[in-house]
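Each of the two complexes below includes subunit A, the first together with subunit B, the second together with subunit C.
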Partner chain A sequence: MLWLQLTFTGLQVGALYALTAAGFSLIFGATRVFHFAHGAAFVLAAYVFYWAETSGLGMVAGIVLAALAAMAFGVAMDRLVYAPIQRHEGSFFTVFVASFGIGIAVQNVLGMVFGRSFVTISTGLSRSVKLMDGVYVSPLAWIAVACAGLFFVALLLFLNRTHVGMALRALADSPELIRAYGLDPRRLSSIAFALGSLLVVPSAVITALGSGLNPTLGHHVMLISLAATIVGGIGSIGGALVAGFILGLAENLALVVFESQWTEAVTFAILFLVILLRPAGLFGRHATR
Partner chain B sequence: MSAQQDQRRGGAPILEAPILEARGLTTGYGGALVLEDLDITLHEGEVLCLIGHNGAGKSTLMKTLFGLHPAEAGEIRLRGEPVTGADPKSLSKAGIAMVPEGRGIFPSLTVNEIFEMGMWAVGVPEDERAERRDWVFSILPVIAEFRHRRAGTLSGGQAQMVSIGRALLGRPRILLLDEPSIGLAPKLFQDLLAPIRELQQREGLSILLVEQNVREALKISDRVEVMKSGRMIWKGLPEDLADNSKLMALY
Partner chain C sequence: MQAYLLNLGVLISIYSILAITLNFIMGYAGIFSLAHAVFFGVGAYTGALVAMSLSASIFVTVPIAMVVAGVLSLALALPALRVRGEYFVAASLGLQVLAVTVFSEWKSVTGGIGGLIGIPPVDLVGYQIYRPAAFFPLSLAVLVLVLVATRLLVHSSFGRSLTAIRDSESAAESFGKNVPLIKTISVVISAALAAIAGVLYAHYLAFINVESFTLDTSVLVMAMVIIGGTGTAAGPVVGAALLLLLPGLLSYMSFLPQTQIGAIQQIIYGLGMAVLMIFRPGGLVGRSKAKARTRPKDPDTEAQAPASRPAEAAR
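Up next is the complex of A and B:
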């Protein structure tokens, strides 16, 4: 029954990866900014939730504050860091280095404030319930999978049915043409950052309630988001979502064969295989742009 | 020029300001001047064709007139009112539309979505949108046939038609067309521009047309100006240009 247990754990982990990766993919697809600090948005949201919970503000307030913090962080990065660099013809790599630097700074500030060791919030939600002999699933796992489904459907409806959503898809095609249509690419870019950052919140909250937090978690989250974006196909948010699930499942199912320290190697083995066999990713529409 | 204008207006003298006018327009990229002290006047209800070699500054002029590129010096007036420095959105609302060079469409959106977003972008009220769309379909009926298709799958001619259709959705009084025929067969050019000329004459639109395909463009133009190195070097009637063998050989 080990593999069945690991499949359930993998689905929970995969759901969290999927949403975070979808957020990164949304931002990268629409703005072409390599937002490495996306991982920092994740830990920031998680620690804001942790702080709200431990200060007795309650779970709902914690979630709202975490969402506001993540969105404010994303928009601030876009307006105050990326926009000035891009105004001075900053290259892709200048933006990347700036993002990387801020990511590390946020991680260290959180470490100074909350300490570098693992913290977790204990709730009944993370207690495993016996599903059948040898298979235990916590309510949090079901919440994670439901959240991934819900947010993904909402995101798809938003991108396909609303004008702002269409404009975000158009922004990915050509920011120059967006201006000729009378729209402001800067404002759309901020919306992409706000939404992409919002997508880390369910994962951040569920991680804080479940496996626990430490400030360096941002790097792992970022790595997975990046891998899922490439595996899924750059520009395909659905692809990033599916790839997030695949990576979460693979990471856990690999435990049947390998020791736990090999899980990241499994992620990268998948990434390399996809790059070799299907460079455009599983759902990529354009191999090059 | 004025003889033709007078004739069209039944001999009445022209008193009102030109619909679009630029004086002393100067701009460039990173210190290199592309437009230098350029004057251009577009009158109400005319098609003005702008010709010139690559790098003459035609596209930069179009972008500057539509607020996509900043003017370093000079003034742009819309019906006599200064609009220098206005952004594309406010110019769209004031009745200008631009069909940019190249494929003016978003490959990942469907034609319907491009139209819907295009109308939303320039603030067409929601209850008028269906009517506007039908109106554009009545001018360029072929678009209706592929309205559900993703724009990235369209042929060059179809994409250009969608791009022009999108520009018309705001019911502009001034249309800036930047090389609509680029990459199209001459036959397609006529299919594309004949309905636009018809619309222009019916509704008195003013069109500024940049074209490489001079012979075809002259057929639908009222006036021609020739641009070189950021300035206007010749202006006149299409038939005068056609008679001017020296210029015709050049363009």
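Up next is the complex of A and C:
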């Protein structure tokens, strides 16, 4: 029954990866910014939620504040860091290094304010319930999977049915065309950052309630989101979502064979192989030549 | 004070070697690798193990470390031949994370998280060099050698082929250049030279562990190259000096609370990286903008180009 237990854990972890990866993929797909500080948005949201919860504001207020903090951070990054860099030269790597630098700064600020050790919010939701012999699943796992489904459907409807959503998809292909239609690429870019950052909130909250937080978690989350985006195929948000689940499952099922410290290596071995064998990703829109 | 400056001088020399070798593939071959710390680490571990079990002579440790790093760098050359742009970045990132896991978990060889301790000092024709006053000239000499070697390479016909590939791969190919071979050789050279920095580092500190060879180091070296000026001769050295001096200066500010000084250093260093990218994206020693524009394709725009065309990038 070990593998069944690990499958359930994998699905929960995968759901959290899937949502952060979808956020990264949305931002990257629309703006072509390698938003490495996406992991910083994740820890920031998680710690805001933790702060609200420990100071007795309640869970709903905590989630709202976390969402506001993540979105404000994303938009601020876009306006204050990426836009000035893109205005002059703006190479891919200049943006990447700046983003990485901000990520380091946020991680250490949070470390100074909240301490560097693990903190967690105790709640009944994280207590595992026996499903069958040897298989325990906490209510949080169901919430995580439901959140992933819900947000994904909402995101798809938004991208395919609304004008702003369609404009976002067009932004990656041709900012000029967007301008010709009388839309403002800068404003759309900010919307992409706000939405993409909003997608970290469910994972951040569930992580705070479940396995606990520490400031370096952002780094790990970011690497996984990036891997999922590439494995799923750049430009495919659905691909990123599925890849998030695949990586979450792989990381946990690998425990059958490997010791736990090797699980991250399993994720990145998958990434490396996918790039070598199927560079466009599993669900990439563009076939390899 | 003197000891402090000598120590800083040694570290700047070592990181300059890393930045120069990364600049060699970044600035001239257009290969943006986030796995440079891997070869720094491979050099350090190999150098340390050879010194502890075989001989600490620099003429033994350095060649062995260079060969091992060169061979392992084929793992990086492979994706470099297949993909470009963000796909290659992700591949190199994957390699970096894998390497960190191996460094910290292959306990019988790397000593795990605890690392390797008691690495003997470097042996230069019978003289043991361990005092900073003697080590600094040695590291400086190696830096000059690496700088001269890469300069000669860049200005050779091989270097011209490299820049041709960076500017337009298909054009270089149509001129009969063996693009995969040239790319592979450049990655191997870069990794082998970076391994020298690793050997020096291992001897100098007499202790190494995985902490020095993580993604943070790779990004730090990349930041040094970009801040100094990608594709310039002096840029990487300037970038290395600047980024190592930045946190060093903070140690003199006594009004900062001692327990938080590490975190404050990291914050300043992170913000510094971002601010320099915003205000000096072309690097401190960068070519003037007008000149850069007359070139058919700047390395920056080349790096950008595949990013805007995923179909092109996923070759």
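Things to note:
Keep in mind that, in the parts below, the second predicted complex is superposed on the first by the 286 of 289 C-alpha atoms of A that agree within 3 Å, B and C clash if a C-alpha of one lies under 4 Å from a C-alpha of the other, contacts with A are read in each partner's own complex, and residues count from 1 in each chain.
One rule holds for everything that comes next: a contact is a pair of C-beta atoms (placed from the backbone, for glycine too) under 8 Å apart; a residue touches a chain by one contact, two chains touch by 3 or more.
These figures come from a predicted structure and were not determined experimentally.
Bringing the complexes onto one copy of subunit A puts subunit B beside subunit C with no clash.
Once the two complexes are overlaid on the shared chain, A:G39 sits clear of subunit B and of subunit C alike.
In the superposition on chain A, A:P279 makes contact with subunit C only, not with subunit B.
Contacts of A:A167 after superposition on the shared chain: subunit B is touched, whereas subunit C is not.
In the superposition on chain A, A:A180 makes contact with subunit B only, while subunit C stays out of contact range. The vertex angle at subunit A, taken between the C-alpha centres of subunit B and subunit C once both structures are aligned on chain A, is 90 degrees to the nearest 10. By the document's definition of touching, neither partner reaches A:G232: not subunit B, not subunit C. Number of subunit A residues touched is higher for C, counting subunit B against subunit C.
Here's the short version: in the overlay, subunit B gets within 8 Å of subunit C at its closest Cα pair.
The interface of subunit A with subunit B overlaps its interface with subunit C at residues 285. Residues 66, 68, 87-89, 91-92, 98, 100, 104-109, 113-114, 116-118, 120-122, 166 of subunit B are the ones touching subunit A in the complex. Chain contact summary for the complex, subunit A toward subunit B: residues 163, 166-167, 169-170, 172-174, 176-177, 179-184, 285. By the touch criterion given at the top, residues 32, 78-79, 82-83, 85-91, 93-95, 97-98, 101-102, 104-105, 215-216, 219, 222-223, 226, 260, 263-264, 266-267, 269-274, 277-278, 281-282, 298-301, 303-304, 307-308, 310-311, 313-315 of subunit C touch subunit A in their complex. Taken together, the subunit A residues at the contact with subunit C in this complex read 32, 34, 81, 84-85, 88-109, 111-112, 219, 223, 226-227, 230, 234-235, 261-262, 264-265, 267-269, 271-272, 275-276, 279-280, 284-286, 288-289.
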